[in-house]
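You will see subunit A twice below: alongside subunit B first, and alongside subunit C after that.
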Partner chain A sequence: MHDLGSFLMQTLQGLFYLLIFPGGLFALSLGLLFKGVDRKLEARFQRRVGPPILQPFIDCVKLAGKEEMVPRGAPRAYFVYAPLLGLVGMAVCAALLPIPGVTHGMTDMGDLLVYFYLMPVPAFALMMAGSSSGSPFGALGFSREMTIMLAYEIPLLLVILAVALLVGAPASAEFSLNEIVEFQLANGSFGLNPVMMPALLAYLMFLPGTMGVPPFDIPEAETEILEGPLLEYSGAGLAFFSLTSAIKSIVVLGLGVVLFFPGTLPGGILVNIPWFVLKCFMLMLVALTFVKVASARIRIDQAFRFYIKYPTPLAALSLILVWVSR
Partner chain B sequence: MTNERQTLTLPVGPLHVALEEPVYYKARIEGERVRSLSLVMGYVHRGMEALAGKRNLFQNVVLTERVCSLCSNSHPLAYCTAVENLADIAVPPRAQYLRCLAEEVKRIASHLFNVGIMAHVIGYKSLFMHVMQVRETMQDIKETVYGNRMDVAANCIGGVKCDLDGELATFIRAGLDKLKKELDEIIRIYRHDKMIRGRTVGVGQISPLDVVRLGLVGPVARGSGLPVDVRRDSPYAAYPELDFPVITEDGCDVHARAMVRLREARESIAMVERILDKLPAGATTAPLPPIPAGEAVARIEAPRGELFYYLRTDESDKPLRLKWRVPSYMNWEALPVMMKDCAVADISLIVNSIDPCVSCTER
Partner chain C sequence: MSFISDMTVRSPWLFRINAGSCNGCDVELATTAFIPRYDVERLGCKYCGSPRHADIVFITGPLTVRMKDKVLRVWHDIPEPKVTIAVGICPISGGVFRGGHPIAGPVDRYLPVDVNVPGCPPRPQAIMEGVLLAKDIWLERVRAQEEARQSLKKLGARPEEKKEEPFIDAGYL
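Entry: the complex of A and B
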């Protein structure tokens, strides 16, 4: 009976992580809130009034009530489940996310390598959506999404390796997110470590690419290919994509905080949750909002060249420095 | 493997975010490259030339103003000039100057609109908003002087409808002083910004030879280094006295065409100031003689290039035939040349660079 009890306990705990905190509800609402603030800020930078901050919530509720159209000739199952795939992938990511000083996330799985495999899931979902919608715009979006993903995953991998090697020094590599947090709490944040600064810069450049905001909103370029893969989506399917992107923003920003600025404040959960949110917000401001309002969309070939030319060598530099110094 | 490459038809339009008006561009694409392009048009045909034959000569001033919104002053001006040529009406000098004023004010607004949309097409939303906001100065001037933000109704046969007093002139000058500084900054941004240059330099090339072969007009021709400008080549209204340079750029690409528009807008500000300085006193309309039977033409430099009107009348008060050829009609032909092997990402950018006016072309 004891085994059953602990099994139930663990399952409930897992579900809590997945559905309420730090994944699920928490990440979702925080992501949508960030999106609203981001839109408002962008509008104010452009001297517009902008939508209400809660607009992303309103949009999702509205979309949920709309009819979902499936284009004629599209493989129905693919088309309908593509958005769900992305959402589930991101929900798992969010559940694994440790919030320093608050929660360890799902510890037995919280691993950078799992992250590396799960983070491209929304991009895969977009590709599935693009290829199954049967529209030439979707096909173009598919190929663009694939190109840019290949470009930004390389620096991400190098950043992850640099962090893992630094934490695991001198003998091995450490991929556990909680160990990484502990290490930094003991030895100082990587964001302030000169050896890791290039990797931080590379991660900041990775963010707009993976979030698909200007100048890297190429797969969904509205004025070129009409939102590409999303063109044929409506109703709940479209809402799922928007929820996916909301959770994804928390996942990638939160991972940035975990990898580079996991410092905590004394005062327990009530202080550290807002502290984490604030750090995520600052990261969004620097890497997404400011970049977005100050840039034009570049072409896919230019984006690919950019990722090969700047973030990749930067992340590689950190990796080499870590390797040499261990 | 066969030699046949895999191509795909990309339906750009007739409804598309980057197009202000409906045209269906059928692009055959191969990966991210455009291999050929064909146009399907006719979505906003309103039969205006036939309508013109049903209205009398005065009503047609109102009708031509409604051909299109951005060149809404050039159409009635060309029409009125054609009628005046036919009936040998001498337009008073003050009216000539005021006609130029309305033309240049509309030209600034139109050019700024186009370069603003260019920023929108390349996803530079902040710049788009900024340019549109700067353009508001011109809208304010139009609204204050003419009482309307788009269709200014400045022209009538034999002169102009709106006179200018000292107070209005001061208002225009104040607006232009403000606009000048902002426009200089915008020109600097468009000329030097790396992202804009990265997207526009070398894109949508058309050689001067092709420009001549296809008979392209307006900023498209001037962007390829050809100094074609009706205001200088076949002067009308008060332009001979206004002393202005014909602005050209040698880039032959999207960037050069945008720069031509921006620099022309800057030059138009100087022209408006010159008009206000030199504005002669006197009447604003000429007495109207009966309009005889006959035919006449008029050429005007609209914001998009040469606008040509042909008018034929009999003894009645309705024109027998009123026919116009708009600048966009010539410039459409440039698109297949410009888009040869361009990237899909550049389709709407290149379309925007000829500043196409569908409602003009199809009327």
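Entry: the complex of A and C
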């Protein structure tokens, strides 16, 4: 009886994490809000009025009511479920995310390594979408998405390794997100640690690539390949892709906060949730919004070379420094 | 359900089809009507690259014989409910190209045009007024669609699944 009770409790707790608090509803609405603020800020930087802040919500409502089309010749199941795959992957990621001072996330379910494997799921969903839509633009988007993903995963892996080695020093590596937060709460944030500065820079460069914002919006370039993998999606399928990218923004920004700035304020949950949101927002401002308004799209080979040339050596530098100093 | 339809018309996504225009109207659409000075993004508008994402479609140019099939195919690829705006005098009457041998237009011979924005090329203000008129028409269509769905539900019938028949077989290459 007792076992059953605790099993039920755990399941309920897991569902809560997945659907409501760090994951699901919270991440979704926060992500859409961030997107709206981002669009508004972009417009203000260009001296425009800009859309209302709730525009992404309105867009999703509209898309839900539109007719959905499946191109003839596309494998139907593959085409229809690709957007859901990305959404589910990101919801799990968001559920695993610890919010410093508020929640530990689903600690026993996964750590940084699981993150590393789950993070490219939306990219895989895009690849599935592109390759199954049966249009040459989708195929082009697919190949570009794959290229840029290979490029930005390398610095991400090196950053993760550097963090894990620093936390696990001197003997081993520590991949648990909670341990990472605790370690930094005790020994100071990595974002202020000179050894980890290059890794922080590399992570900031990784952000626009994974979020697909200019100058790295190459796979979904609407002016050259007509939004690539998203070309054939209409209605709800398209809405799922925009929800996925909303959660993904919270996941990658939140991971940045956890890895580099997990400091908390005294005063419990009610202070620390806005504090976390504020930190995510600052990260978005620096790594996404400013970069977006200040740059134009580059070519895929330039993007690949950029990721090999700058973030990778920076992250490797951090890794070496950590290795030497332990 | 008027809340949903009111929300819906606040996010019109725009798509341009060039049906053989001299580019005057396209320049007007792309660079003049949407520069910071007029900024239609405040209405929630967004240019999208794919016809599948569009709600409001602009057609420019007199519809040449060579473009006719392609324009019709792209137009049929736009999901319902949609609104069509003809920009410039070319799609309305043929304009300066009227009577030329490569002209198949005017456009409303083949497509239902909802809003005409005359001018050669039209002023940006006129184009924006066209967008606003199109939004009203779109609202009516969305409401009609809602009502149709509701009455089907009342009757207990499942909405008939619409079989998608592409206008021309989707052999892209």
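Heads up, the rule we're going with is that the second predicted complex is superposed on the first by the 325 of 326 C-alpha atoms of A that agree within 3 Å, B and C clash if a C-alpha of one lies under 4 Å from a C-alpha of the other, contacts with A are read in each partner's own complex, and residues count from 1 in each chain.
One rule holds for everything that comes next: contacts are C-beta pairs under 8 Å (C-beta built on N, C-alpha and C of every residue); 3 or more make two chains touch, one makes a residue touch a chain.
Quick caveat: nothing in here was measured; it's all calculated off a predicted structure.
Asker: Quick check for you: in the superposed arrangement, does A:Met69 touch first (subunit B), second (subunit C), both or neither?
Answerer: The second partner, subunit C, only.
Asker: With both structures placed on chain A, which of the two partners, subunit B or subunit C, ends up touching more residues of subunit A?
Answerer: C
Asker: For A:Pro313, select first, second, both or neither according to whether it touches subunit B, subunit C, the two together, or no partner.
Answerer: neither
Asker: State whether A:Asp59 touches subunit B only (first), subunit C only (second), both chains, or neither.
Answerer: second
Asker: After superposition on the shared chain, which partner residues are touched by A:Gln46: those of subunit B (first), subunit C (second), both, or neither?
Answerer: Both: A:Gln46 reaches subunit B and subunit C.
Asker: Tell me the contact category for A:Leu230 with respect to subunit B and subunit C: first, second, both or neither.
Answerer: A:Leu230 sits against subunit C, while subunit B stays out of touch.
Asker: Check whether A:Ser295 is in contact with subunit B, with subunit C, with both or with neither, and answer first, second, both or neither.
Answerer: first
Asker: In the overlay, answer first, second, both or neither for which of subunit B and subunit C A:Pro136 touches.
Answerer: The answer is both, since A:Pro136 touches subunit B and subunit C.
Asker: With the two complexes superposed on chain A, say which partner A:Gly14 touches: subunit B (first), subunit C (second), both, or neither.
Answerer: neither
Asker: Which positions of subunit A sit in both the subunit B and the subunit C interface?
Answerer: Comparing the two interfaces on subunit A, one with subunit B and one with subunit C, the shared residues are 46-48, 136, 221-223, 225-226.
Asker: For subunit C, which residues are in contact with subunit A within the complex?
Answerer: 4-5, 7-8, 10-11, 36, 39, 41-44, 47-50, 52-53, 55, 77, 79-81, 142, 145, 162, 164, 166, 169-170, 172-173
Asker: Quick one: in the complex, what on subunit A touches subunit C?
Answerer: Touching subunit C from subunit A are residues 39, 43, 46-52, 55, 58-59, 61-62, 65-73, 134-136, 221-223, 225-227, 230-235, 238.
Asker: Can you name the residues of subunit B that touch subunit A in the complex?
Answerer: Interface residues on the subunit B side: 8-11, 16-18, 29, 31-32, 119-127, 129-130, 133, 195-196, 198-199, 343-348.
Asker: So in the complex, which bits of subunit A are touching subunit B?
Answerer: It is residues 42, 45-48, 136-137, 139-140, 143-144, 214-215, 217-218, 221-226, 293-302 of subunit A that touch subunit B.
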